[in-house]
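In the part that follows, the structures are each spelled out as structure tokens.
Two complexes follow with chain A in common, the first pairing it with chain B and the second with chain C.
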Partner chain A sequence: MKLTIPAFVGRIAFSALAALIGAIFALPLLWFLFAPFNARAELGLALPDPWTLNNFVTVFGNSYAVQALWNSFIQAAGGVILVGAAATLAAYALSRSSIPGKSAVTYILLLFSSVVSGSAAMVPIFLIISAAGLMDTHIAVILTFAGGLLPTAMFILRDFIDSIPKSYEESAMVAGASPVQAFFDVALPVIRPGIVVVVVWAFVNIWGSFLIPFILLRSDSNMPASVAIYSFYSEAGTPIVTLLAAYSLIYSLPVIALYLFVSWKFGFRFFGGIKA
Partner chain B sequence: MASVEFKNVTKSFGEFKAVADVSFDIGDGEFVCLLGPSGCGKTTSLRMMAGLETPTSGQIFIGGQEVTHLHPKDRNIAMVFQDYALYPHMNLADNIAYPLKVRGEAVAARHGRAKEVADVLKIGHLMDRLPSQISGGQQQRTSLARALVYPAKVYLFDEPLSNLDAKLRLEARGFLNHLQRDMGMTAVYVTHDQAEAMALATRIAVMDHGHIVQFASPIEIYRRPATTFVANFVGNPPMNLVEAEGAQVDGKLALKAEGLTIAGLAMTDAIGKALATSNKLTLGVRPEHLGIAQTGAANTITAPLFANENMGPESLVTLDRGDSARVTARIFTDDHLDLSQVVTLGFSAEHVHLFDSTGKRIPALGE
Partner chain C sequence: MTTEPVPSPPKKVRNFALLSNRAGAAFLTPAGLLVSVFVIVPFFWVIFVSFTNRTLLGRTALNPEFVGLANYFSLFDPATFFQRGQFGFSLILTTQFVLASALLGQALLGLLLAWLIQTVPPWVKRITETFVIAAWILPEVVIGFAWFAFLDRDQGTLNMLLEGFGLPPGDFLLQQPFWVIVVFNTWRGAAFSMMLFNSAFSSIPPSYFQAADVAGASSWQKFRDIGLPLIRGHIVTDLILITMWTFNTFTPFLLTNGGPSYRTELVSIYNYRVAFQDFQFGKGAAVGVIMMLINLAFALVYLSIGRKKKVR
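For the complex of A and B:
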């Protein structure tokens, strides 16, 4: 097929525009990849010369920064386990039982959840946590995130479980399984891809969150990495770009690793029903 | 093996009665088909036997023991689901052996038994596959194998063949029939395919709107359908029903309808009683009892030809009596029928069924 001249010009213009937009989005990513290995990194984009790991050595020499990564991990893992387990059980019950008004429950919770983890609820959350004597503990952060993320997690999972035929568990029970056995032997393995999606989503949410730990935690030894990044500022308040860049890269690695692991292991693909 | 009994069982969903005051008795070793149109309550009845649904009122007994509120796992029954419900994350061996697993059998023993059953069903070579990696017919046999792998009191089937193509369906039907003869199992089999019910059942329960309309052997249902509903549901094609006005003339029954010529039928007390309420009767004749006849002869129906379908050994000749009241004849002949625009079909008086104005069968002489 031959293109007419105007169409040809139009294509070139379109491609050029697309490339420009792509480049604009790629620049910060390139900085993100280059700066950590540059001993004289600045906010401008530059190829490291020479490539060096010195920035990382400095970061790992900073015990506060390393402790913060560990804290992030504790809080994210704790939150994920709580959200994953509670959302699975709650969503299963909401999907399979015949409680009247069960969908109203889900929608109301969903509505309020955006409030709980949003900044509007910060004062009440602060008061509740401090009244419970949980101020400056990992538990405080974990519970707050669990409360905020659970409704959405439940909603996603309930939808997922609704789409799985009841006959799986029913056939297990007719075959002699108790409801608990049917859940663990048959339902849970089929729901697992949905749980994985929720877990990854919750992990990313907690790992990247700044405000809640910043407010609920006091001591440096409990701060997660998202807050600790602030320690790479000089007394004058200007960022120490070299350390910041290296730390950011380390900070984003667990999330990338999680995505890769999940897509390798589960492929973000659902079993669904069997087609006849 | 055990008997199954329903005593005045009703199941309501809100205001709607899916099963309405149903009572029946299924004997030990019987193969009963629940037959009826979509939505008549077949699956609901079956699920109540399995314990997956609790009756709103009434009682259910299995082997003489009341099970109305017993959990499915404690009933020792086996069920084949319409969608097979094979566990997608387990291979065939684990799928088939699952009932043995929950019964606490060791891995080697249960896989051995699963293989035995699978071999009988000709899926023994597929034991390592996942359900998504086998064909529909093989999935159906896997779900059958899972039901047969342990000795159950009652076997329940919910339209197990409906997802199969015509050829596989016939094959599976034959196999089920053989199995029933072999094992003498008590089975309840839901279907809306009357041919399947006729072929498999020792008795058929015809259901309509949550009620059992007739519960009898296939031959009884074929020969003496209790209502026009049953007559119109069973048979391939189903019975022709012609609405007619009845009157007693010279001690004989005369029927009047467009295109119908009928010699005086023998009067009975039952016919007399029906006529006393209403003269609207329904005449029923099965397609296989109709043949090409001389126009104007006794016991004939004359109407314009609507369709003439050649089915190989037989032809289906359909006449249109107006208002979509059609009459179909199954004519067994090797000759090519040369049918003109208007056709006359004849029948003999002994093949006539009569129904009263409410659709109830009027017993023939000697019934």
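For the complex of A and C:
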């Protein structure tokens, strides 16, 4: 393809502009590339002098910080298992059964899930958890997120299941399988990529969340990393920069890994893209 | 009761369902319970609590009294409504925040980025996308701290750059807190609009653009006359979604704590302060009700557009 000179110049200008915007987006994050490895990290951007992994050693020596990462994992994994299982079952029912009123159910769910946001419903969520006697437990966080993320998860999965031909399960049933067998043995393996997407999406959402654990948990031993990270502030409220930087990087790693996994496996196409 | 089967009315052609109604209901039960308890019950409970003087601590924590509309009157008290740290101030601040950071910032920047990455070489596209998406997917606590360091008055990267260009440095978190959270939220959320518009642009048949190239159209003309009109539906969807998310976001709290002196106290942060720092659950619930009503208005618009699309 031949390019005229103005078109060529235009293309270079476009690339320069795109690169410039990319660089501006990178600026606030650059600090994280260096500070965790700097023995004397401060808030300024500086090459590590000297390079060190001591910050990570100190963080891993802090049992409270390690416990918090584990708590984040328990809460995210628990929430993901609930969301994945319940959403798959429900989405399958919405797609494959002819229960009366299921489109009304879908509409109402969609409506409520966008109206009841965490920041609008923090008071009643607190009261429900408190009334159920679940205050300051992992299960409180797990259940709250499962309920909040389920509607969106169900829609993503229902669309996915709708796009799978019914003939898969029909032929299984012709061969004598019960509907439930057809679901577990035939449909489930085909739906699996959709479930993976939903699970990754839910995991990233719970892992990164701050507000819900912040209001539902009290004791240090239950706090996830998003809240526990504030323990790296001194009494006077100034951050202990070296440890904070290292901890932030460790805490971000699962999210980065999952992002790379999804974009490698599926190409980071637009999967619902909806954050709670 | 019945003696004889009534001749059934002529059945419509019945859709063969793979799952019986009973099995379907069983499959729906776990999700139905969870969503009911944690999404639908809170919606009604918050309305109920907003008519009481329930507090977090003290006598009214256990025995709240019915106070009618008192919480709403206190939120909308004309004597204090517009004062800093009051509901009206917070509501206006949030409106400005949504207008500036979502509708102008995220949507325009996302549109520009989506258009740019259609034509640039793949490696430029990949690098730009990576950083824009990183800003969006990293945990909010980490992002909050990254910006805290970025904006630090004495050492922060921003002031270092400004001084490098011979510009005066500033203590932006103190001097311009509102514009800080606007830029912050634009930066944080532009990825969503970029990806949505990017997938919208890629769904336009390339032949449209090739024909325009043959006719010698400039990029701006292609954008204005082909790209923009064909993704109008996506733009409406995008604007409604990012408006709702920005209206409900709590993330600026991690950067500014709502301060200094309430200057970045969005309604979500106001709600948190009233309920969990001042311990006034009744009043906090009233704020929650108003937030949900605003959400409801946007959600109804969004769903009606979605329905129209399906009918077509």
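Please note the rule applied: the second predicted complex is superposed on the first by the 237 of 276 C-alpha atoms of A that agree within 3 Å, B and C clash if a C-alpha of one lies under 4 Å from a C-alpha of the other, contacts with A are read in each partner's own complex, and residues count from 1 in each chain.
The rule we apply is simple: a residue touches a chain if its C-beta (ideal position, glycine included) is under 8 Å from a C-beta of that chain, and two chains touch if they have at least 3 such contacts.
All figures in this text were calculated on a predicted structure; none of them were measured in a lab.
Residue contacts after overlaying the shared chain place A:Leu53 against neither chain B nor chain C. Once chain A of one complex is fitted onto chain A of the other, the partner contacts of A:Leu33 are absent, as it touches neither chain B nor chain C. In the superposition on chain A, A:Ala257 contacts neither chain B nor chain C. Looking at the shared chain after the overlay, A:Trp207 reaches chain C, while chain B stays out of its contact range.
Once the two structures are overlaid, the count of chain A residues touched is higher for C than for its counterpart among chain B and chain C. In the superposed model, A:Val9 lies in contact with neither chain B nor chain C. In the superposition on chain A, contact is made by A:Met122 with chain C only, not with chain B. Applying the stated contact rule after C-alpha superposition, one finds that A:Met173 touches each of chain B and chain C. Overlap of the chain B and chain C interfaces on chain A comprises residues 170, 173, 273-274. Within the complex formed with chain B, the chain A residues making contact are 165, 167-168, 170-178, 181, 185-186, 189-190, 271-274, 276.
Residues of chain C touching chain A in their complex: 14-15, 17-21, 23-25, 27-28, 30-32, 34-35, 37-43, 45-46, 49, 109, 112-113, 116-117, 119-121, 124-125, 127-135, 137-143, 145-150, 152, 154-158, 160-161, 187, 190, 192, 195-196, 198-199, 218-219, 241, 244-245, 248-251, 254, 268, 271-272, 275-276, 281, 284-285, 288, 291-292, 295-296, 298-300, 302-303.
Interface of chain B with chain A (complex): residues 50-52, 71-73, 75-79, 81, 83-89, 98-99, 101-103, 131-132, 136, 139, 146, 150, 156, 163. Residues 10-11, 14-15, 17-19, 21-23, 25-32, 35, 42-45, 82, 85-87, 89-90, 92-94, 96-100, 105, 107, 109-128, 143-144, 146-148, 150-151, 154, 166, 169-170, 173, 179-180, 182-183, 204, 207-211, 215, 225-226, 229, 239, 241, 244, 248, 251-252, 255-256, 259, 268-270, 273-275 of chain A are the ones touching chain C in the complex.
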